[in-house]
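Chain naming follows the written order as A, B and C, and within any one chain the residues start at number 1.
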Amino acid sequence: MSTLADASNRETSLYNFAYLDEQTKRMIRRAILKAIAIPGYQVPFGSREMPVPYGWGTGGIQVTAAVIGPDDVFKCIDQGADDTTNAVSIRRFFARVADVRTTEATDEATIIQSRHRIPERPLENGQIMVFQVPQPEPLRGLEPRETETRAMHAYEEYGLQYVSLYENVSAYGRIAATAGYPVMIDERYLMSPSPIPKFDNPKMDMSPALLLFGAGREKRIYAVPPYTRVRSLDFEDYPFETQTWEDACALCGAKDSYLDEVVLDDDDHRMFVCSDSSHCATRRDAGFTGPMSGHELARGEDGDTA
Amino acid sequence: MNREPENVPEPAPLLQVDGLTRMFGHVTGCRDVSFELHPGEILGVVGESGSGKTTLLRCLSGKLTPTAGAAVFDSRRHGPVNVFELSEQDRRRLQREEWGFVHQNPRDGLRMRVSGGANVAEPLMNLGDRHYGRMRQATVDWLSRVELDIGRVDDKPRNFSGGMQQRIQIARNLIHAPRLVFMDEPTGGLDVSVQARLLDLLRELVRDLDLSAIIVTHDMGVARLMADRLLVMKDGCVVETGLTDQVLDDAHHAYTQLLVSSVLQI
Amino acid sequence: MSNDATAPLIRVEGLAKRFTLHQHDAARINVFEGLDFEVRPGECVVLAGPSGVGKSTLMRCLYGNYLVDCGHVLVRHDGREVDLVSATPQQILGVRRRSLGYVSQFLRVIPRVPTLQLVMEPLLENGVAADEAECRARDMLGALNLPEEHWGLPPATFSGGEQQRVNIARSFVRRYPILLLDEPTASLDAGNREIVVRLIREALAEGAAMVGIFHDEDVRNAVATRTFEVAQYRAAA
């Protein structure tokens, strides 16, 4: 085993800090700076081949690699959880190639890479959220031509986005879209917030943290600088609403967090638990309890400490 | 006997086209086309395939940049402007706010992935309407105006027949009260019976809304029914122009005579 | 201004018309040339001569439907003379809308439009309010004995005589200062011919000027104030 570890260390030392070469990181940083300068605007960048397939967060990883430094503390979540395969792999990746400290605690992290959630604990000034984005273009579903969607952004022609909301109301009597809910950034650029639940949309508005979005396959980076207005689209007579639940978290009793439904068996037993596993654990440690506090799911979450 | 108002002053042209030319390399699309279009007037552009009528329409509607020439449109927003000198942003806004374009193939003019109702409502959203209920009502009103079953407002266009799709396209191009509508063979792909009903409808709507329209067609019957005035095109040039009944009943140019005499009489 | 009331409403000067048939080796048909005449208020000039002499051609030239090769067709419109030969299409449409009516042998209208609407149209186009227009259109259709149950139907399926009466109603529902009548009574029975003759006489009494082609001798004699031989201007072939 020691030879394997040696080989692994030797291999790691052959990589530049944070995996990407400095030129690439500079290129990405320039894209990020431009994205910050034009909030919500999709900046094209030369997305690199990464050691994971497209769709596993290559955009997010490149953005993180471009901004991470030796003193950063890195957290990575996947659908709110710190302990899923993807989150664990990316966290280990940066621990290895950038030798940074990792954490599951939102308040300790300086960089939080996320697939499809924003932590429940309010973000703070100085923190960076990095979002993994599969499809950066909010208008793509309705307008397949890139030339046309670019013109629409350039000239602020966003009527088309309302067509999807209109379809929603016509079909369901309300705006039924739940994730990737389009937002206006500083009343100028229409932006897809990546497939986060619309529950998280209000967290972006005037957020003290810097929000960076990376789409690896689509080769786009965009950003929401701290303290920027983020408005979810809606109709005058069908205002924007976030999801609500009748239940509280079965484990920690939280009533104001985003809940996942967990099916327990074939007899229609189910429970609702916080999607943000770190948030839930923190609350439980502080003594909060829910109706199923003793459930095995509550114990099984201390495994990964990498 | 003089109860009726007289002496209505002649209005300024809505569109004034001057020397419009479009070359494709050394091939002529259309050459040196000039005409005026007045408010409330329907201009027919006739000629066989390849005569340049569609190129002319695409230039006029801002879809194609001409090689030379001007088209001055009396816009609500800017007053008279040369369409080709507008910035792309202003031109797109003009297209959105004051024009309509009815394509021959509804697939080119409709979003096939969204419902018929949303297709009709989209121009309102493009103009900034953000009130669902109001737009829904306007959509339903327009669908009934183009004689479509309003119970099918949420069906996708592909579930409608060709004639019905064309009605949706027409509603979509009129709901925002444009001043000028371009039509490229609007009934071209339809059965004759469907075509007749649609032409009646179009004509009624154009009259009721006091629209101006430029309608490209190779069908002399359509031209006779729809147009106040005709441009006859051949090889990219206008060879004859005049009141529709003048051109059709007393054609002067050899090509126009050929066109008119080629119409089958029933 | 004082003689405005008797000034000609239509004045034709030096009119020449020929057809060039490009489909037939550019064959030329000269119809007439140097044709002059005028029509004053209260006059009904009947064009006379055998078939093919150019009566209908002249009529169509007067309406601006045929383009003439030479000469002037001066029509009084809004208190001044407009030359239909040099007028813009917009002016011609204006003249036709307000000053120059035309009753043709055949009814050529938009399919599917109900009869009553068709008769109201000339009024609506001239700014008459819809309710007044409907009232006048109903009176007119009633006067022409068109069955009321037909008023809501498009005239496409009507008999020839009924279609012709719709045509006449459209031209007499408002007072055009000038009316061109191309065989307006051709398909009518005696009773309805009487009515049309009365309408024409009423209009003449009110100062309208008319040019007509009537093959029916009784009608011609009843309305003509004079006849005009087109043949005298026959062009040399």
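Just so it is clear, a contact is a pair of C-beta atoms (placed from the backbone, for glycine too) under 8 Å apart; a residue touches a chain by one contact, two chains touch by 3 or more.
All figures in this text were calculated on a predicted structure; none of them were measured in a lab.
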item	value
Chain whose mean Cα position lies farthest from chain A	C
Chain whose Cα mean lies nearest the overall Cα mean	B
Inter-chain centre distance, chain B versus chain C - centres from mean C-alpha coordinates, in Å	32
Centre-to-centre distance between chain B and chain A (centres being mean Cα positions), rounded to whole Å	48
Inter-centroid spacing, chain C versus chain A (mean Cα positions, whole Å)	78
Chain C residues within the chain B interface of the complex	19-23, 26, 60, 64-67, 78, 89-94, 98, 110-113, 123, 126-128, 174-175, 206
Touching residues on chain B, where the partner in the complex is chain C	1, 3-8, 10, 38, 41, 196-197, 200, 203-204, 225, 228-229, 242-243, 245-246, 249-250, 252-254, 257-258, 261
In the complex with chain A, residue positions of chain B that touch it	88-89, 92-93, 96, 111, 113-115, 117-118, 121-123, 125-128, 130-136, 153-154
Chain A to chain B touching residues, read off their complex	141-142, 151, 154-155, 157, 159-160, 162-167, 169-171, 234-238
